[in-house]
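The letters A, B, C and D name the chains in turn, as written, and every chain counts its residues from 1.
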């Protein structure tokens, strides 16, 4: 699954072209769903770096997403609407938080790690809830304007905003892809495969995990930035464990360790949440069942399993 | 300078003393076998030297550097490499990626490709390691340690669970290693031990029972009683 | 390389699925007077506050049934959506209702978070929005808009007169205030305290436990030196609190005063006899004896097998406001100025008593009822002991 | 604080802590033996409370409800282990994710069956009312919780220390491989420990029911508390669960009494402090 994959310009380009053309065909509602898929896809990809590539199941990834979003919202509340400033701070503040929290949570591993991240995530959630003067408490912060890039096009227009997200999405894909296939990225995969062996081979595995944790936090923050621009508001709910659980679900359904699989996972969840839940209030049960089935029988996720089948079909075993 | 020196190394697990007061020196270029019955503390000894386990007391020197408190990766960077009793590989990665991870990026003496070519493995370089047979994986276990260009190599039962043909492959590999590399080996196969080692240390209940040249070991009554006797 | 191609294929397949899905409801729509008027109802059907969403929906449907789903000569189509009590989801659902379903009027919303989240979008898209519950004050103050109406209450609106009442009529002078630590809890406590202090009352202690606190024991142990305790808790918290208040022997020591939410009809069953004697304020009680309410309680109970509560009544009033508004506009919902004017002027007798909007804020003006929880014929009810007419959300202006 | 208040708050802390112990003990033992953090443990508690309520309503007897709910949940635990977790044997992380899926599922099933309206469980009549201690009222029922909690702690301790099964479980916590090596079918014990965990959680749910009730969302409120206990106390040992429960019980209680404005944070701050100085918890096994 993690073979060397180097050049793929044609198909990647076609996919991107499809994403580029789609807005012209979609209804406004469809476009807003697609924008959301890109944002959550980015969020899920960043978690996949931790879950799929580093082997760390983090239960507070929403923390970084939410902190990125809150950063932009708080800046907007101070009247600072410069897009680039918001972008830089919306990424760097989650990164700083990851630098700090990483020191604490990475002292443990496996289920301990999951539990401790959950605890710290809830602590940040409580902070956002309680620190009313800054965060607006449970009411959240609303009325965050779309970014002004100083371009002759308004980001209030759904298509323009979509293209903005698409550009950053594609850029983030590229960086993550490069990162994973870099020497460091391979070393991070090595940590997932066997931490003890990596240490015996002279790799600072703690440092590699820390790096991965920080990078993942930064990209989650980026997703949060676009999330808050898209919705125009943020509330502590986005920092809650439910959000972290949801993005874990996206990664698992799509396939951990496939990088783009989680984007498909994000798409499936968003469609489920928005379309199925319009028809039945029992959709949490369906989500639970899907989750359980995925963990038990489709552990490689939709994309991961498809890739495996494909490989089998080629007789390349 | 000694390749490895331990001073009064002691390790307890709960109330159980696994290593007691182990002092040992290994000369550069030496081949040293560590033998002893199951539970004698051999693997714990390796784990303590490579840094996976911190000792309760005592000190460890590798090529004169005190490493007692260093994390495993720092010791590895001093030229210490090891294999594991149970294969510990990056099974989902290709052989080449495994070797890549073992070779320090800049100071490697050769490219991964040359390395694999040398050992006759290049044609399998793109195959994920999990698709190899057990015997092949056992060889890769050794290859990974060799790819680190080690100065001190710890081999933990390299032939465990292998057929005699495969055992021969491994012994050939280690017999031909350069004398610049100091090798410590834990091994149950006495033929391998007496064929390969210069000196032998016998551990029993976490203590050094005996240490000497291999001929001395063969003739020592206590060793026969505790270890060889039970094997024969 | 092949992996990538495969990925791309999956991606394209997935995108086409999305395309098909989101194509639903893509058609354009002209305001044809023969088409039904579409009303979107956004309330939680999943999550912790499901029961409120269900109660509101029942109230809405009960009234729409009464009028045969018709208003101003046109059919009404109710489209229900689940907000999941989550701002983000609520906003996404609102987008679907507005962009895909092309609703004419939006109603519902239990949580203020969701209301704030969708507020800008609703106003920007010029959709008349009838809030059925969410009480955040700013929704009809600073963040008010000609598109936003509220039939329920603004936080503090019935708590403020309650503050006056307990000072003047119950001769309470010193009060301990307790409310959950979230925006509505603070707003409601502020309303009560302002009303109480305005008369000269003294607040000896304010305690704000975490929303969803399981154990109130440590807080209850601290309470002392007061004439009474005023609290606001709702749903599960209200049951835990009332039972624990009795457990710690405070029930017989310090009278418990509260917002009406504490003794909501749906909570009384769980609270049991611990609730007897609580004095509360609300814009409604199922025990009101006016003919509108008697009919409402009878019809509601007949249809759903259990009695209504404030949420059900708010749902009922929401639907009535919508229907009356459409009727006054002669069914011309496309004329937004006309529709907004018509809704603003709606007045009628509701189960809660006279209903009208404050023309300036578009927040409701209602009677505040002081109620006492009693056991009558083995059933716990909130008997009205005092009516304070014409309560508008204007107490804060005196500050 | 006056003396009387300190005494009452101490009793509050003990009763709350012992209620948490019922949850944390199972969570900790399941982890110790199987390496699974059971994120559905709060669901066991909540489901236990609901089932207990139904049985109490049917029989009119609190203690029948208590035992009935515990048995029903124990059976559920066995079913879950046998048909789901066993299939993922030795894939601990996947098993944890599976528990998350179940937590999601139970959350909605509970709401489906019992609706969204919060329920409350009746107390046994002889535990109604309160008594006066130094002039302050303290509920008799909370004494009941203290007695039952301590009783169960002692029984568990005896079970683990004095019975063969208990010895095997403790040995399994220390070294699974070794126990399997002794020719003991450790998998059989997995079902048992799951059943025991669910059993204890259900007892917690019913006992807590008259104070806390049962309602949607309770499962996760409880889960976070239980996780805090095991993080603080250390996973895998009964002792850790016991002292961790009391510590969290006290931290919550005195946090509410002394810093009421920051009560939301007390457990997290306690956790963070413990983790910084002792990553494996107060009495946890060192990770190796």
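Definition applied: a contact is a pair of C-beta atoms (placed from the backbone, for glycine too) under 8 Å apart; a residue touches a chain by one contact, two chains touch by 3 or more.
On a predicted model such as this, the values are computed, not experimentally measured, just so you know.
Participant: Going by the touch criterion stated earlier, list every chain that contacts chain A and also contacts chain D.
Facilitator: Common contact partners of chain A and chain D, which must touch each of the two, are C.
Participant: What pair of chains has the most C-beta pairs in contact?
Facilitator: By contact count, the leading interface is A-C.
Participant: Give me the ID of the chain with the smallest distance between its Cα centroid and the all-protein Cα centroid.
Facilitator: That would be chain A.
Participant: With chain centres defined as mean CA positions, report which chain is farthest from chain A.
Facilitator: Of all chains, B has its centre farthest from that of chain A.
Participant: Based only on mean CA positions, could you tell me how far chain A sits from chain B in angstrom?
Facilitator: Roughly 42 Å, centre to centre.
Participant: Report, in whole Å, the distance between the mean C-alpha point of chain B and the mean C-alpha point of chain D.
Facilitator: 46
Participant: Which integer distance in Å separates the CA centroid of chain C from that of chain D?
Facilitator: Here the centre of chain D sits 36 Å away from the centre of chain C.
Participant: Using mean C-alpha positions as chain centres, tell me how far chain B is from chain C in Å, no decimals.
Facilitator: Centres of chain B and chain C (C-alpha means) sit 72 Å apart.
Participant: What parts of chain A, by residue number, touch at least two of the other chains?
Facilitator: Touching at least two other chains: 3, 129-130, 284.
Participant: Which parts of chain C, given as residue numbers and ranges, touch two or more other chains?
Facilitator: Residues 46, 50, 181 of chain C touch two or more partner chains.
Participant: Which of the chains are touching one another, listed as pairs?
Facilitator: A-B, A-C, A-D, C-D
Participant: Which of the residues in chain B come into contact with chain A in the complex?
Facilitator: Contact set of chain B toward chain A: 50-52, 71-73, 76-77, 81-82, 84, 88-94, 96-97, 100-102, 104-105, 126, 128, 131, 144-145, 148.
Participant: Which residues of chain A touch chain C in their complex?
Facilitator: My answer: residues 3, 5-8, 11-12, 14-15, 18-19, 22, 25-34, 36-37, 129-130, 132, 137-140, 142-143, 231-233, 235, 237-238, 258, 260, 263-264, 267-268, 271, 273-275, 277-278, 281, 283-284, 302-303, 306-307, 310, 314.
Participant: Give every residue of chain A touching chain B within the complex, in rising order.
Facilitator: Answer in residue numbers: 1-4, 183, 186-187, 189-190, 193-194, 196-206, 317.
Participant: Report the residues of chain C in contact with chain A in the complex, numbered from low to high.
Facilitator: Touch residues, chain C against chain A: 1-12, 14-15, 17-19, 21-23, 25-26, 45-46, 50, 81-82, 84, 86-89, 91-93, 95-96, 99-100, 112-113, 116-117, 119-121, 136, 143, 181-183, 186, 211.
Participant: Over in the complex, which chain D residues touch chain C? Could you list them?
Facilitator: Touch list, chain D to chain C: 5, 8-9, 12-13, 15-16, 108, 111, 115-120, 122, 130, 132, 136-139, 141-142, 208, 210-213, 215-218, 221-222, 225, 252-254, 256-257, 260-261, 263-264.
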